[in-house]
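Two complexes, one shared chain (chain A), two partners (chain B, chain C).
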Partner chain A sequence: MTTANENAVAKYKNNFLKEVEATVEEGHWVKMCMQCGVCAGSCPFGPHWEHSPQKIFMMIRAGKREEVLKSDSMWMCTSCYNCMVRCPRELPITHIMHGLANYAYRLGLSPKGQPNQAIAKLFWDSALKYGRVNELKFSLAMYFRDGFVQGVKNALAMQSVGLGLVKAGRLNPMEIISGHTCKDTSGIHKMIAKAREIEDRRRGLA
Partner chain B sequence: MADNKFAAYICSGCGLGDKFNIAGLEKVAKTEGKMTVIKTHPFLCNAEGVQMIKDDIANDGVTHLCIAACSRRAKTEAFVFPTAAVSRANLREGVLWIVAEGSDHDEVRQEMAEDYVRMGCAEIKKMKVPEGNVKESSSKRILVVGGGMSGMTAAMAAADAGYEVVLVEKTGALGGFAKNLFKRVPFAAPYAEAQPTGVAELAAQVSSHPKIKVHLNSTLAETAGAPGRFTAKVAQESGSVTEELCGAIVQTTGFTTYDIAKLPELGGGQANVVDQAGLEALAIAANGGAIKRADGKEVKSVAFVQCAGQRDESGTHLAYCSGHCCATSIKQAMYFKDANPDIDAVVIYDDLRVPGMGEDFYRSAQQKGVIFTKGKASKVTGGDSCKVEFKDLILDETATVDADLVVLATGQVPNAGVNLDEWTTINTAADGGNEEAKQQRTALESTSVLNLAYRQGPDMPQFKYGFADSHFICFPYETRRTGIYAAGPMRRPMDMLQATEDATGAALKAIQAVENVGLGRSPFPRVGDLSFPTARLEGCTQCKRCTVECPFGAIDEDERRFPLFNEERCRRCGTCMGACPVRVISFENYSCDTVGSQVKAVNVPDEEDEKPRILILACENDAYPALDMAGMQRLTYSAFVRVIPVRCLGSVNTIWITDALGAGYDGVMMMGCQKGDNYQCHFVKGSEMAYYRLSKIGDTLKGMGLEPERMLTYEIAITDGARVAKIIDDYVAQLIEMGPSPMKGFG
Partner chain C sequence: MTASIATNQTILVVGGGIAGMTAALEAAECGKQVILAEKTPTLGGRTSLLYRYFPKMCHPTCGLEINLRRLRGNPNVRVMTMTEVAAVTGSRGNYAVTLKVKPRYVTENCTACGDCGNAVSAEIPNPANYGMDKIKAAYLPHGMAYPQRFVIDPSIAATPEGEKAKAACKVDAVDLGMQEETLELTVGSVVWATGWRPYDANKIQPYGYDRYANVITSLEFERLADPRGPTGGKLLRPSDGKEAKNIAFIQCAGSRDENHLRHCSRICCMATLKQTQYVREALGDAGKSTIYYIDIRAIDRFEDFYQNVQKDATVSFIKSKVARIALNEENNSPILHGVDTEGYHRYASEHDLVVLAVGMEPEVTGVKLPDDIILDSSNFIEGSKTEGMFGAGSASSPLDVNRSVQSATAAAMRAVQVIHKTASTEAA
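The block that comes next holds the complex of A and B.
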């Protein structure tokens, strides 16, 4: 059985731009970039990523498939929307970044252990399971991501914040047992499964 | 003339009467100015004041008048007396507004005003009313040289405005470069798709226009004469010659493409590497279908290399950007995408420059899927499978693109005729009897477009890179040959839309020229000026400086080797007058005497008075308005200066400077326009000539025992109001430090 990645490679041959246009959210905008670099200059995280949006777009056009999809650059986006507001060509850059990250993850190419990716995944798993995010379980899952000892250390470090939240009624310790779910979780599960099925079919990931 | 009557009119309005002792000014006009009529009016520029002057001219026989009021640049619509010679003493902008407030300055303020009255009266004594030289037989036909897009547009514009046009085209068909295009870039919204060129339709309109006479397969064997009376010998290919009389010429000889063979590193000369013109030929052959290479193979991938042989810093190829090629490549990439969206079209560019509304066109190509890659191509390999090696400037790495066809965006090489600098050198050697130079001269002259029968050479002077000299912001179509206008890519690199705009502008300039010349008036920039230079030939030493220095080639030589002025070619700058070592050239209202007498009229104080006197000769186009501007902004500058406006710094005769310094002036400031490649001189070379001449005056000053700093030149722009005030004050301070001129008391 071939993987989704192998399928995509076979389908789009060497034309990565066409692949992005077909499979990545807002990917059809990539060709409209005029390489002015305003996004790269506007990004508050600019110095911390390997490739700025400008370079990512250029790499897509240059067919650097592996390099783009395996990059951690789009995972560094904080969704501040600075680039998107400033882009003279009005590209939805933030959305494209998330679209690329999502696509890379779905193909199994995204960098393993990337912290932002881990948070996103925990957040999504929690939301999927309960129909809404369970803050307590989400935080604990975060703390204990790197093992039990590190988890305890993390929890102790955040102790005062946690207690403050409990005091203010923003965090209920009892939810560790009962949970904090929506009314019809199985309905939610079905709905999301259907949505994913439709989207995957559209993007050729089924 | 016996019946000359001189009058001075002094205005006491605008606060002049409050600050000046008007009776004192009147006395100066009478006793020193020797004016017959002296009148003061509280509001000279109003209807009543002007009527008073008009009445005096009509009833009292006043022929010469000095108006002592505001700057000559103010109230020009009120003080119009066409039958009288008029001088203006600038008491308002030149004195009242720039001398510091307060009674401490009353004395110098009054002295300055009195000097300006003396100067105005002295000037008017030497002036004549320009009579003009109406030429009823002057031709109003317009000759257009070159039948491309610009030429046809110019011809249509002039013909539609009612002027007869003669169009001379070298080849057998109208249309020029544009007729070999498949489509053109869009001229109008939404700027999204390439458009039909419309060249055939325009050519048909031109050919059938009742006012346009077209000569095909023709060149100009000779162009002689001057605006209003050019005679062009139109030589047919068959050998027959027709003579056409015309009033003005629009030259639209366009460009040739930079030779692709000069770019071997970019695949020039190799199979399947073409320039943009080559691609247009392939596109015309395909006519909207699949574009095929020369070997018949359908093109599935194409790469465009921008700036091929352009913007070259090494000096091997064109140094400049041709402006149209980015939009042209965008258009050509669309040819492929429109025929088949699956064709890969890559444009490798350094800076994508799409002037006008080209940004929309660029976006449209991106929508169609053309890939734009910022990079610099280093090597192109032609052949069956072409390769473009380039440095990706975004990803900072070397990369390669494979393509079936490579298109090089080469630039425009102007076709403006003979380079006059080269011609002059060869011509001088040939005249000296050098046989090789004679052959070179013949060869060079065979490439001439206009074949002008001017002593300055067969074509118009060029600026950089072989483009016709024209000031691209202030007066784009003016060349340095009056009545001959340049339009289109022979003037600067440009696209088709710009060329058509250019052609319309040049046609209007040609109309302006024929109309003014017919009335004996200068067409530009002293529009309407009726004066023209005359030479007292009995004093002429035949030194030829005037013929050489005239920036416009207005002066030929007659058979006795005396200067022969072609009044219609003259722009009235007076550069000839400044050049003449024996001072035999003058205008009726502007001469060595009109300025010289003003220099002498000023009251130069003695050494003991501790009041230095500085002469300022200011260009009337920029420096004098800047001085006025300083006044309007109520900036102050030293009251020790006396300003005389000159037509151009080029008209400054060194006698004025030596006379002034000899008479005990402490210093002379010369204020002219910027010179050099970014010149702002309205007469192109006037200020440069002046700087060159004045650079040699140091020895004369030394001979007089004077420091060279007693004469300085400045470049002043019209916006320099504040700067000019500071420059004056700094110079006055410098002169006070140097001490009074040793010439004082000898004058």
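The block that comes next holds the complex of A and C.
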């Protein structure tokens, strides 16, 4: 059986821009970038990651498929939207960055162990399972993802924040036992399965 | 001025900049009757507020002088200053126009001796220098003003200051009782040569024009370079009056940007290339100009101008649209942040002064125009539905002086055709 990645390579040959346009959310905007550099200079994290949006978009057009999909830059985006509101060409940059991250993940190319990716996955797993995010289980899973000892350390370090959330009614300690779900979890599971099926077919990931 | 004698054989030209003057003269020299209505107290428009103009780096006097001489010698043009068009109705060959004439408080008797200006002490921000300095409230708009007639600012007309001006005038040209007048005319065709205005730099939030004294516009820089400007031609920083030696120019400030003006303003690349030569003229090898740009658009035959500037060692080019400007609090110098496209290097560069090459937006943006007028997506005038009104010069597209003049000549010829056709249908 061929993988989704092999299928994509075979289908789009060396035309990575075309691939992005067909498979990445808002990917059809990439060709509109005029390489002015405003997004790169506006990103608060700019100095700390390797590929700014400007650079990613140029790399896509230059066919640097592996480098783009394996980059951890898309995972560093905090969704501050600074780039997006300033882009003179109105590219939905933030959405494209998330779209690329998602596509890379689905192809199995995204960098393993990238912390933001791990968090995103925990978040979604929780949401998909319960129909809502169980904040407590989500936080604990996050703390303990690097093993028990580190988990205890993390939990202690975050203690005051956690207590604050409990006081404000934002975090319910009882959730660890029952954890309320939405009314019809199996209905949610079916909806999501269907949505995924449609999406995968459209993006050639089926 | 005698009673109006406009008919449907008359052409109205709105706006007395280089384009309006040209359109009026071309039509008048074909024997047509023309009314040239200008809303400010003088003809000349924005060209007269440039220090020099590309490509030949001549002073605006030379272009304007020729046109003024043609104008003085031509009885077919009636010039009306301080006059705005309030309404236009009708269609090709027959327009009813309402004009509003503001009081100048000075009559045609004025000899421009300046006694009134010397007599008053009240001052107003100088419109010819974009308010960077002050002038007396009884003033001549600028050295090239046409007509050469003083203006009394409405703020002093009804005050003892106004009376001082009146008392000082030896030829009794000051008339403080003047009122705003409304005139109704019939004309056959209208040429809109209403020109452009700079895009409001305050709206470009990340550049801090509203917050930082040493971030100025390209228009203000023209005035700094001009010996008749607020600094007598010295390139001084607004914050501390020190000489600015290391000057940054930011291209496309408000242009080519869906958040601001979506069009390329076309002249600002050339304007900046020109302004680097002001820096050289003022400071020689000690001056330093840095141009931050997306791409340089030195339209067609100006490519050689660009190449010459590229050879100038005091000028450097950085391919990058600046993302934001911060301030060095100690010396008030702006620090430019961004990433350059040739190599993706991140920079934080300090300059003494930043000049924003602001975009051109049509002066009529936000103004109620006749329903008949067709505008493009940036509010430039494309024409009118019944083809009796035309855009000319920078009102029709972001154009330099040379192309404004060409466009105005074309518009004048179209207006003349309208008049001819109206005359022949009426004769038949």
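Definition applied: the second predicted complex is superposed on the first by the 206 of 206 C-alpha atoms of A that agree within 3 Å, B and C clash if a C-alpha of one lies under 4 Å from a C-alpha of the other, contacts with A are read in each partner's own complex, and residues count from 1 in each chain.
FYI, a contact is a pair of C-beta atoms (placed from the backbone, for glycine too) under 8 Å apart; a residue touches a chain by one contact, two chains touch by 3 or more.
Note that the coordinates shown come from a computational prediction; the quantities given were computed from them, not determined experimentally.
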Would chain B and chain C fit next to each other on chain A once aligned, or clash? clash
On chain A, which partner touches more residues: chain B or chain C? C
Touching partner for A:M34 - first (chain B), second (chain C), both, neither: both
Using the touch definition from the top, say if A:S42 reaches chain B (first), chain C (second), both or neither. second
For A:E90, using the defined touch cut-off, is the partner it touches chain B, chain C, both, or neither? Pick first, second, both or neither. second
So, A:M59: does it touch chain B (first), chain C (second), both, or neither? first
Pick one for A:S71: touches chain B only (first), chain C only (second), both, or neither. neither
Touching chain B and also chain C: which chain A residues? 34-35, 54-55, 89
Of all residues in chain A, those that touch chain B in their complex: 17, 31-32, 34-35, 54-55, 58-59, 61-62, 89
Interface with chain C, chain A side, in the complex: residues 34-42, 46-47, 52, 54-55, 85-86, 88-90
So in the complex, which bits of chain C are touching chain A? 206, 252, 256-260, 294, 320-324, 337-341, 344, 346
Which residues of chain B touch chain A once you look at their complex with the stated criterion? 352, 362-363, 366-367, 369, 371-374, 392, 394-395, 399
